[in-house]
Amino acid sequence: MATNVSPELLIVMKGGATAEQTENVVARLSEAGAHARVTRGREATVIGAIGEQELLTSLPLEAYPGVEQVLPILKPYKLVSREMVPDPTVIESRGRKIGDGWFGLIAGPCSVETHEQTLEAARVVAAAGSTMLRGGAFKPRTSPYSFQGLGVEALSILRDVREETGLPIVTELMDPRHVEEVLDVADVIQIGARNMQNFLLLAELGRIDRPVLLKRGLSSSVEELLMAAEYVAKEGNERIILCERGIKTFETATRYTLDLGAVAVLKTETHLPVIVDPSHAAGRRDLVLPLARAAAAVGADGIIVEVHPRPEEALSDGPQQIPADEFADFARSVIEVVTLMGREIG
Amino acid sequence: MATNVSPELLIVMKGGATAEQTENVVARLSEAGAHARVTRGREATVIGAIGEQELLTSLPLEAYPGVEQVLPILKPYKLVSREMVPDPTVIESRGRKIGDGWFGLIAGPCSVETHEQTLEAARVVAAAGSTMLRGGAFKPRTSPYSFQGLGVEALSILRDVREETGLPIVTELMDPRHVEEVLDVADVIQIGARNMQNFLLLAELGRIDRPVLLKRGLSSSVEELLMAAEYVAKEGNERIILCERGIKTFETATRYTLDLGAVAVLKTETHLPVIVDPSHAAGRRDLVLPLARAAAAVGADGIIVEVHPRPEEALSDGPQQIPADEFADFARSVIEVVTLMGREIG
Amino acid sequence: MATNVSPELLIVMKGGATAEQTENVVARLSEAGAHARVTRGREATVIGAIGEQELLTSLPLEAYPGVEQVLPILKPYKLVSREMVPDPTVIESRGRKIGDGWFGLIAGPCSVETHEQTLEAARVVAAAGSTMLRGGAFKPRTSPYSFQGLGVEALSILRDVREETGLPIVTELMDPRHVEEVLDVADVIQIGARNMQNFLLLAELGRIDRPVLLKRGLSSSVEELLMAAEYVAKEGNERIILCERGIKTFETATRYTLDLGAVAVLKTETHLPVIVDPSHAAGRRDLVLPLARAAAAVGADGIIVEVHPRPEEALSDGPQQIPADEFADFARSVIEVVTLMGREIG
Amino acid sequence: MATNVSPELLIVMKGGATAEQTENVVARLSEAGAHARVTRGREATVIGAIGEQELLTSLPLEAYPGVEQVLPILKPYKLVSREMVPDPTVIESRGRKIGDGWFGLIAGPCSVETHEQTLEAARVVAAAGSTMLRGGAFKPRTSPYSFQGLGVEALSILRDVREETGLPIVTELMDPRHVEEVLDVADVIQIGARNMQNFLLLAELGRIDRPVLLKRGLSSSVEELLMAAEYVAKEGNERIILCERGIKTFETATRYTLDLGAVAVLKTETHLPVIVDPSHAAGRRDLVLPLARAAAAVGADGIIVEVHPRPEEALSDGPQQIPADEFADFARSVIEVVTLMGREIG
């Protein structure tokens, strides 16, 4: 193997691979401008490939006859990796901060239903020390017969409420055709779990100048989440907040399985802030506080939770929204852990 | 409970629920125009609710104090259910059929790379008896550094190849902004696994007059797949082909876990044709044939497989594409099982 | 339906079920000594069954022609449920406590390897305030070629180390033939994840007078864990500590996915103490501290972690064991969160 | 790297690893009698280790400072691998065969309930061409309140029924203390999914002279299943039949997710016969036939299905047992596929 550069890929040939098969792989690597170092062994031959990583990983080497396995050595993400940017990124919006020493406390109703409901929720969460207001205008719903959000009308409500409370607005973008309208109001643009691998939408967000809150897909690995963020970053926008919100598993006692281990891993892998959505993971409100506290304790850079003046009248996700009149206590309890962790509310 | 209508929902109150809490639920149901029948028991009270199902299921009853559980009685999907349409639907395109007695054999390259490559693959699959040509123009890729498809150029190649071979074209639509261009060429519009819950895109397809091939999401349940189809059907387009393509599980020996049990369930739940994509599930070509045969044996209405003239040069999914020169044998072997099942190639 | 007792089961008949099919179900229920109340509706008939729950749930009612669904109303576990025993159980062993206000800090090597290694670890964890010593004598290993534990020899080492440090011993029992030997030394008998549904072993533990630490199976739901505990409790031993240690999911960034939501659910469902094993879930030591802190914050009653004087020489689980010389800092950091939660080290 | 032997392990050092850290790893390898070849690169250093594989894989190399990743080159299983034994193994019992060209058709009741019920089922399955009789004496049940099997009494019923029908008996062993009693009757000893990693029980079976039917654990990977078989083989008993019976996933439309892709993989990895249990995977009888046919088509060496004279009276698994009077049709339909696959009923 090379003496002064490390391979990007190790290609392990099958036990019975012929010399010709090995040469074919080497020839293809050369063609692609890569260097190949062959190590022949008792039972297997290993080829180390050195070159442009993007190019190397795009070669379909596993399809070559005689190839057993292709092992990448470097991580597939770059711009979002901590190796690239060792210092934690802080995302700012209207003076509020998330990342590094700053903990973001994002709260608000699942859906924007009326001006009154949204304003009432916003006042409560602002008073309790929240740093941003969440509120859904466009709602992805499993059933076409469920409430789909107020759309553009909700955006205008959010703008009004921001004026009255000063809270920056976090709201979801579901469709590239809505970019302009959403951009007109949103301070942070949320990409929901079901759109985490909507790659054209991600690229679109990479070309705008606005922080993005990217939720982990229901069955996306930590690596896939980072690659989704890389889509945004590659186009030029590195103001990305990652969000763990629970994954699909066999367990049905909670709506999704909140993966706080993934948060701990993300904190070692990326410089981007990582927040947690305990509301959607839990699916029932009595679990939201313990999970929010756990999120703060595991090292998350913030939480995003659902709050409603009257959850029993909510048009979506009623069972998991925190009643507005309980939110001050909720926030106080979470802030205790944040303080213990040596952080400040951003 | 009511004597002449069945409840749509059963609401089970908690052991310690007060009479007032029960009354609140009943009042809300009445408000919503539903009838409620209360059964008080030793340890729990059960309320049966009769009314417009869409309305009932949109009520956030689980958020009411004292409510233990809300149990829906009817299935949440309607238009796509076999109860609604007892006879199996047959989808036709340019004279080829999928559904009921007709088995669809869809084959072609993962990505359209060049005119030559696509034409070569198309000729081989046509000669072997395939009924449609697949070929990706827009490619959803985990990494932004991977080949993303030729886009519009690929569409034009597909149109040419159709002219030369007569095979109807199946190609993926990823973005609502491409509807017109894709519609211009595609005979069947594919929605990929990562877009199965891109609800606005689904609704868009509900308003066009073209069959849709809807792939199951990587972590979507059978019920969620049917609800996604319901989004399309609700807007007026009931020409939908469902596709099982493997789900995410802990197992890594295959790329995804092909869920043929889901195919068997779907055949009892819906009148829509159900096909299987063994290529993406397997992730390696030696498993594609056994899985394709198993798909035919479990009762699938077709398969969609990847074929490439030279998989080792493929720009995507090389390891799982069947070499074109092996496809005739492959097809013959699958057709044996199709024939045993009493079906014909459509 | 009955007016003064609640049904244990609701049996929903299919849309097209005949009167005779309904009568057959009712007849079977009567035979079994249960009362049945029939409610006929527009599209479905519902039968409420009242009687001995054990008996009712053992009837194979779903196999009867015409039956759509059988819905149990009551929880399947009893003795371990909070409804049965509203006050939290405190487990004591040699003066150390777990449960209610008492947080258990269990630490020690994965495997007992030598007297020196075990004693060294024990002294360090005792000095740092641990309440019990863990150490594996019998080791369940995926490969038959891996170190399988010292067995009986390890038990004798553990007895010696307890004498020198005073720490109660937690060690795993894998086989009913070892009950006597393990009972001779263990203060708390651990049942590993792979034996959670070894029902005859569970029953054996139900007949002894020693606390049991029952780990959740790798693919066991919260309900299955509680049913496993019910096996022990049913035989008479209610001194059971439950342990969340990560479940199998598609995510490979951590060895298992630690399910802290399950801990929050368990705290509402059962009176038994619930602890967390962050070491096995993480599989790498740098994640153990954040997950241990999160466990304390979510409301767990304790943690069990792996500590080794020289992890790089460990015969099992080296990558996840905390080096002994870092354990004092580790413990201090966890205790901060325990204190914030208003609890004391037991 | 070595020129004439292939490495068993590749140890990839971290980007910032020091020369000393690399030397420590090399020193440890030497100590363990292994050869190490170091390749220093631009961003990483890779060490290839050659030596006794068992020893190498037992070294906790990932715990060494500076180590990024340890990549094994050889498969961890040996005795059960196809590389070791290229020809497929045929298991015989009382003249019936499973493996290679022989397809095993194992059928019978879930539980042995009475002599009459068992005999009735046995006669029906024998008449329809089954090759072995299944019947549970010891039943692993999730709830302690469910029927646990007749135990020893069932074994004696099975012995009588074998005398009357000539069918070899397949029955489950749950506990090492029952080995002698079960061995006294069983022609094939079944290890259930929940005991697949009961390693001491597996070793016990390795020391007896009787075929073992080893079911895949609910969350066990293909590799873990093969390692469990390796436990049996290592002790000397290589007459092992592997069985896929569905894994735990998020999907609830079937009781478990039948993983036929795993069957296809197993057929390439091991010389042992691989059968499929569609009954437990499906959980409902209407899905058993399509899944059984799919199992035959994917290349399984047999199936094991549940048959009961009167499923509606069954003491366990009623919903999934095939009524005895439908079994002849069922078997005929499966045999059609078996014949198409070029195999014979063993």
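Observations on the structure shown:
Order of writing sets the chain letters: A, B, C and D. Residues in each chain are counted from 1.
By definition in this document, contacts are C-beta pairs under 8 Å (C-beta built on N, C-alpha and C of every residue); 3 or more make two chains touch, one makes a residue touch a chain.
Predicted, not measured: the structure shown is a model, and the values here were computed from it.
The chains touching chain A as well as chain C are B, D. Just to note, of C-D and A-D, the chains joined by more C-beta pairs in contact are C-D.
To find the repeat of A-C among B-C, A-B or B-D, check which pair has over half of the same contact pairs by residue number; it is B-D. Although chain B and chain C share one sequence, what matters here is the overlap of their interface residues, and that overlap exceeds half of the numbers used. Centre-to-centre spacing of chain C and chain D amounts to 26 Å, using the average Cα coordinate of each chain.
For this pair, chain A with chain D, the centres built from the Cα atoms lie 38 Å apart.
Contacts with at least two other chains are made by residues 219, 247-250, 252 of chain D. Here chain C touches chain D in the complex through residues 28, 54, 57-58, 60, 62-65, 76, 138, 140-148, 174-177, 194-195, 197-201, 203, 217-219, 224, 227, 230-231, 234, 247-248, 284, 311-319, 321, going by the rule given at the top. Contact residues of chain C toward chain A in the complex are 219, 221-223, 246-247, 249-254, 257-265, 267-268, 281-282, 286-287, 290-291, 293-299, 336-337, 340.
Interface residues of chain C, counted against chain B in their complex, comprise 1-7, 10, 12, 15, 39-46, 48, 50, 71, 73-74, 83, 248-250, 252.
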